[in-house]
């Protein structure tokens, strides 16, 4: 299989859409190969079921135009960054060989998200080891970029904000695919839950002098080869 | 005159080369129009003179391939961010109309650098005012990026680091033009003063997984339209 | 005259409304005595005049229900934190005797705002001096709180965010009084300039689990006598 | 049972008294319902025993006037934030339904405190889940506030400092109940261990212009509905 | 004259004692040559006069055992970091040739302190210039360390804290020399103003595991040649 | 056995040399007793084996002149900060009784390093407990200092930087002992892997005005008993 350029690791189906949806669309527009790996099926939830969630995920995958989407089969609500999960995820990295990985931000109220973030860090390192019984050849994703799909009202200092102005409507359509999560049982009076999400990305857009934005954080410094993509 | 894309404001001739030299070369390579405005003539110094410094500046200007270089004629060592200097610099912004301005970082041991930084901030704002007696049409440089040519051993947290690996040798040649500042009267035993400068940009290169780097800081968040220039 | 509880110092008429408008309304609701001192008349501007701006200011003053509003008569665009301005402002502090002062945030693109912030700091200290020729009795405003009416796209870490949800519409009406500044000559297509301002305070509202918010920063720590006002 | 307004989670009996003692008294004075849950019995210690510690805890509970005090029965020195402990604590949250939870600060030398902090975060999220076998109805404590009862000499930047000036003597009496922990086997020459604790809260009091203070940190921004409780 | 090792620059007589008193005594004990330069006479004040303040300063100088004390003769309350003051102070640096300079911290409520901090920064740089009409030979103090004698309740993150446990009583005696500033007209009931000062340095002592401390901040990183002086 | 003054805890043999090599040599020069405890054998690696790594470790131990070196026998790549490992390490602390412990920095790409850092924190606390079945007498290492031997391109803000200028060549010799890790299979064209390491410590040397440096971070404030070791 041809390697991916970018792989988004999501704790639950819809986290990638929430935090990286616009950026995925932008990267796709630039010709990159982009995939999403959901670590769990995200169920149970009040209005969802494994079957419904799978169907919703497929619909969102089409809207985003992903090159690959998979599910690691870990247990929702009980995600733990143990050696077994690390082995599984490292194997995926070796198979998909993404140059850049998007991981959940490390600080959150949801224990699955905290565990997922640590799991991605550890598995990325393991993927490059030799003399292991991991499948495939050693591979090291060059970069980890942390995104925000968090259950805390975090006000982070981002390493950079992606200008997703031209892709916000498509992102909103991808989010709307998750009817069981964002629409069912919620008030239909404006601003709706999805209106709120959209409004928030307006702030990040304003912060960079654009329309809509998605914030990202890196542990390492941001290196640029030019200012051609600077807003 | 055709507007500039980038204008570097330097307290003294050689500050632009020190802090932005590699980046200027990179931006030129990308087809941008780049200029440098020196605020003072930088003299007196132990081994320089106005005539020597001017000649050195011209040589460096050629090495960098600048589209424009000027001098605002303020007094070295006595730079003050007063209304008169603000008027002069705002007039230059209206004339050259650069979209992005590189300014000296605001914290430094050299009082000229501290004053220059505040002066650029103030003049940038003034340049957009209507109902003034400033020359030309109102114009607002969209962005200020602060660079490091400092007399403190600052260890800053950069907004981004520019990968100048492919331009480091040319940058060093531009610096070597300032013989009176960086070579005359200094030890010729390695590591020389210029060796030291080069070594330091190795650290910034390492930090972004490249060869050589130049750090920059912005007061506003970094907005990107893609990851194509990400190292 | 009965002392004020709160005094907002604004570089130009409309800055207090922009940064503290909702909070002023909240404080008034709680029975506090609140005033605004504009340092300059804010003119010239593209669509304003001293007479128009004065009329607008009076209208906004009524909407906010201020107990006092004054103008220090300093020169717009040329605000300087010198000893003469310090003397004037310190005299006002002695006269109005506000326990808390709201000052412009210290970092901004507008040089008047930067100067105004330093001026408030200095004048607050001077107001308590004995053996001076300042009018009135020595008085020391106990606290300075910095607000955001800035010309930079700053993304600050606030000391606290005021929940102004119930007052946002009245704040917007106060802002709309400044027709020459926020409406004249601007696009009427949504989102308008005022829509944008409103949207941004949604972000701050979200950050504290409320509808709309205004951020503030203090140089000293926040001390509380209870959690009764905590959102 | 009537829901609590505030619930303090403590690794060991005496941690709540150390970090939140004055604030508990203040909240009680304001009419709130306040409880403390100790996660372990805190034993063995050099001068304590389970029976002694229990007696001391009861005495302190009376001094603080708590509405509820419980013990989760986890093992002292071996506290681990695993799924089993998470289930237990989430059940308590559903039963007591506190609007605000005080949790140990996340950085500490004592591994029990580090584990307890992560445990509270995770259990708070779990408490709101539907479709679980947790007892009671889903419930989500609205806020977590982190307090300092740490074994590191941390010098934190607090989100806010509570003015406990009027309650410091009662807090000291509550601490003195833990004779086995703070008095037995320690020097009686001033400043004693308890004197030291009292002195330290003087610093926090000074920082907010009051007599005595207790510092707190939140991961989210501080939202206020007024300045009536501002020192 | 033999060069000084350390020179403390104080806005007013008593600032050096407040912020660096214990450290001066420690440095003297270690055999260093230490001086203090007061920039103004600190008068008028409610209970002082130039003659009284001079006498008090002389007494404190004796208690500290200073090798040199001078006064630059700038005007109290009207300190401005202009070129004239810069020239004067740079001349002093050339004359006294201190390796390390202690300067007032840059953020404060007192405008004299803010100006003094900027003045020291600028004068230090000027002192090394050649081709000037400054007296003496070019000289560059190698380090600036900022101390805290501030009129804000700042809660700084220090670069290091000096353990002044063994010198706290002598420091208090030096402070008590300034009867007009710290004792006259103030309450004699404990805790007195001086008690408060002493208590505060207890916090800093606690933070480093010692008895009493004085905090300091540097703009550059702290370099050590060993851990022999680490508390 | 005579207690150690300093004990470096390393995840793998060579981490101590990488992050603390120069400082160890400096501390030895000052007469301190210094040891290194490797937590694992660091194998497998592409060019190493347990026997080779052991031989290399012994050679480096001689170059550094260590007073003690041991290996805790935990499993490379699978290091977990569990209670069993904590017990083992706490026992070592009780046996060696080091006043200061150097631990791996807490943030890293290598999961063993992250686990090792948490393990040192926990074991240090456990070492002081009474009423345990740990060997030896209760003992509490007074300080933990975190060093950098990381697999992330971290750009940390250090608590202090050690001047290792005079020991850099010996440190490089100690590193060269690990032929299987730093030389075998790597390019011999300059700059080699070891050249790169050396260059990076030049940056830290520059930052403190010296030749070469090693950065360190502490969670607590830096307390000094004098400035005699200040660069």
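Order as written gives the chain letters A, B, C, D, E and F; numbering starts at 1 within each chain.
We take it that a residue touches a chain if its C-beta (ideal position, glycine included) is under 8 Å from a C-beta of that chain, and two chains touch if they have at least 3 such contacts.
Keep in mind that this is a model prediction, so the values were computed, not measured.
The chains in contact with subunit D as well as with subunit E are C, F. Shared contact partners of subunit B and subunit E are C, F. Rotation angle relating subunit B to subunit F: 180°, from a CA superposition, given to the nearest 5.
Because subunit A and subunit D carry the same sequence, their contact can be compared by residue number, and under half of the numbers here are used by both. Ranked by separation of Cα centres from subunit A, the top chain is E. Mean C-alpha position of subunit C lies 38 Å from that of subunit D. Once the centre of each chain is set as its mean CA position, subunit B and subunit C turn out to be 36 Å apart. With each centre defined as the average position of its C-alpha atoms, the distance from subunit A to subunit E rounds to 53 Å. For subunit F, residues that reach two or more other chains under the stated contact definition are 153, 155, 207-209, 220-221. All chain pairs that touch, listed by label, are A-B, A-C, A-D, A-F, B-C, B-E, B-F, C-D, C-E, D-E, D-F, E-F. Within the complex formed with subunit E, the subunit F residues making contact are 26-27, 30, 100, 142-143, 158-163, 207-210, 213, 220-231. Taken in their complex, subunit D has these residues touching subunit A: 83, 86, 118, 121-122, 124-126, 129-131, 219-221. Residue ranges on subunit C touching subunit B, taken from their complex, read 44-46, 77-78, 80, 107, 109-111, 114, 151-155.
For subunit A in complex with subunit C, the residues that touch the partner chain are 153, 155, 157, 196, 199-200, 202-203, 206-209.
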